[in-house]
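Chains: A, B, C and D, in written order; residue numbering restarts at 1 for each.
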């Protein structure tokens, strides 16, 4: 999103306020934006509740337009201050910002209650801006790193769970579909298998035949046991990065051994000073 | 809560009994208090059950007043024995003790069945006293320590889960609200998303459209996989503190420092042989 | 259960067959017993199913008496072969064995359908005999050891979860009891809180007010996060015992260092032969 | 499944295309096969949905036959190119391939709607072919290895959970069967115990008596706590294999052995300096 600093002058000043957060004005701008995003979040939620919408329709509408106009001004300012506006427009946060203001304007031209609500919900996407807050970024980095390192393995594991669910769903379909209307098709049965293997267990669909219950029990025990796999993967990755953080890269100049604690003054293998 | 010892005399004697637990009288006092708290706990629960309340109303009332008066005496004794009663009154356990006796007295002046029950439940707060029991404190310390060290990361992780639930709730709302009355508003849908991603799965709300079920399946698998993250965080923190416990045994005979690795041959602080 | 070997002779011979499993006859006896226990298990289950009980009542009855008589003979033989029969009778497996045969005889004197079923289920307790099978004992020992080492901490953790559930149950009771009949009393609400915090989520009770749903969401997220604690505890204990297993207690005769791998031929610190 | 290469010629050429994936043609063949399997997967699912089956019956039928014929040709080619066709036919993937084409042909001779659907679902078994894709094999190997190493312990643990569920199911049956029709038999109650202890919690069966709810709460807390066991087992196994991966980098310049600890100064096999 670092879309390039503009030439010096008022635009540069605005740029540091809008895009950066190491000046006081920049931090205040960030906080104001966060507040507005949270307000618009609550607004979208309230508008979706029928009883609230009926009683406070005009007031919510007024607020919606106020916030939309503020966001529009912010969007235009961002376009004006970056060096290459086009680059910003196609960037992730550029699209997020546009999607946050577009629905209200579209509502003028496309009346129609349900479709409108659907695109209104799009404004919620602005919530991703919160992820850019410095606090989140710093603390979340370690988690994200560990997840990224284990993402492939977890993805493979999830694929395996899905494969298993397909097989088990087909199996339960064969067993139950005769005497239980809930298992009306294989996709439905696969949905049930996923609900069961992940230990969510809605209960909207549940087996009624003894064999179906036996199979269900096995799936539950399986899901209970293999839950251990992603946990193991992530724990290993996290302990690896935690270990890296801890041991310094300092090597003993005498014997060449490394792996000393950060507070070590002497080599723990030969006793020479570090 | 160590609100300062009073001047020597009967007050000091009472102080060691009421506030400390290393004398025999102090331990007995603690046990008696624990017993009374558990009795009052059961009492509050029984009073909330309508059929019990109807049949044994007077008896329960009598017990309630007895316990309240005992707790009141204890509270007054605590106020008398500490050096600065005001400091005790605004301390955590001071407030807890007050909230445990207040409801019964308030019931005299504020008749009105439902409100009364609500403030009566306040007395349950006394349960926190149990956390002060020495057994709890010692064993729980290691857990609390590990949780404290990982609290920030877990909090960030939970924030991320909430953000995700908001987005996914809005998504399912757009998909399901047309054909499913359960998904009546976005907050309701977010509630459902949290129920699903944490693998609780009440089943009071569940998707009915094929696309809704597909999205639900993805949320479940996601929740199943990311459950690994807090586990990883806590395990790492615990293994760190466990490692610290282990290393502290060997002390350098030269400089007296401890905290060496099990395989260290020389002190890492002064270089002398271990 | 090692109740002491009897004097040499036929009793000793029987003893090695019945109580020990390192001879061929002993192993066969164990297998036959396991088979009988499983049959009696299936039998108790079948008897509890009304439709089966109606159609195959006499046959099941015959089987029940056959098995009971065999178990009675076994019990008498055990009493005869051990040195101190009294010691055996009050031992854990002695009581289990007695409870497994008693219900059928009691059924003769105490007719009455429901009570009979209840004590019949007692025979299931014989299943614990399976835990004595050598395979179970060996593999399960490591798990049991790790669980025992972490039992105290896990127990404290569970106490904490229960305390939390009591507070949260009281809270949801205050919020929901006015508008939701399901939360009829505080114990009921505590039950719900436990169902929610352990992510079981039956759905027989679920909040209906917005504030209730908000609290429920927080409880779910909490339960999702603190699930990490017992996992962390057990993992640490297991890794400790795994580490102990791996590094041999071999110490280098030259430099005295230990902690070598089982396949090490030379000290990894000084290079001297082990 | 490496059923032996045939004599040189066109059969060898076909063999490398069909069975191997390191040539370009082989990779393309694999991709085409994966695509066909996924199409046949969607087909089986669609056929099981009544409304789809009614409207697009002939088209789906046509597709089914097309795919079956392609799979039949592939199966014949596989039989022709391997050295020992019989060995292939009884191998795991040989049976999978046969089961994937058989149902459609059987449908000609065995009309009868429900039975047909059941054996049609058999075609889903082809999904296992996906597991052979190189990507899956490589990434999944580490997971599979860790699971295999801990399989015995996890199996013992699951047996223990089942034993526990049987005892707890019998207990709840005794308590609830009098006042709750859902707990109609012991097997049903065991099913409920498994649903509860694995934290799935359908809610189709749930206790109604106070004592039943108390027992249920204990089971939930138990399930919540012992979930830690398989996680601990798998994490330990994974960290072991991760540690092995790490240590293999350094090789002794003297004897060439690797597998030394990161802090080793001398080769543990020959004693030479590293």
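Observations on the structure shown:
Methods note: contacts are C-beta pairs under 8 Å (C-beta built on N, C-alpha and C of every residue); 3 or more make two chains touch, one makes a residue touch a chain.
Just so you know, these numbers come straight off a predicted model, no measurement behind them.
In summary, the pair chain B and chain C forms a contact in which the copies contribute largely different residue numbers, shared numbers making up under half of all those used. Legend: contact pairs of A-D compared by residue number with A-B, B-D or A-C; the interface matching in over half of them is A-B. Between chain A and chain C the centroid-to-centroid distance comes to 40 Å (mean Cα coordinates, whole Å).
Averaged Cα coordinates give chain C a centre that lies 28 Å from the centre of chain D. Residue numbers of chain D whose C-beta contacts span two or more other chains: 157, 187, 190, 199-203, 227, 231-233, 235, 239, 263, 265.
Looking at the complex, you find that chain A touches chain B at residues 41, 44-45, 48-50, 114, 117-118, 121, 124-125, 127-128, 130-131, 136, 139-140, 142-143, 146-147, 154, 157-158, 161-162, 187-188, 190-191, 194-195, 198-204, 227, 230-235, 237-239, 242, 260-261, 263-273. Here chain C touches chain B in the complex through residues 152-153, 156-157, 159-160, 163, 166-167, 170-171, 173-174, 177-178, 184-187, 190, 196, 199-203, 206, 210, 213, 216-217, 220-221, 223-225, 227-229, 231-233, 235-236, 239-240, 255, 257, 259, 269, going by the rule given at the top. Across the complex, chain C is touched by residues 199-203, 231, 235, 269 of chain A.
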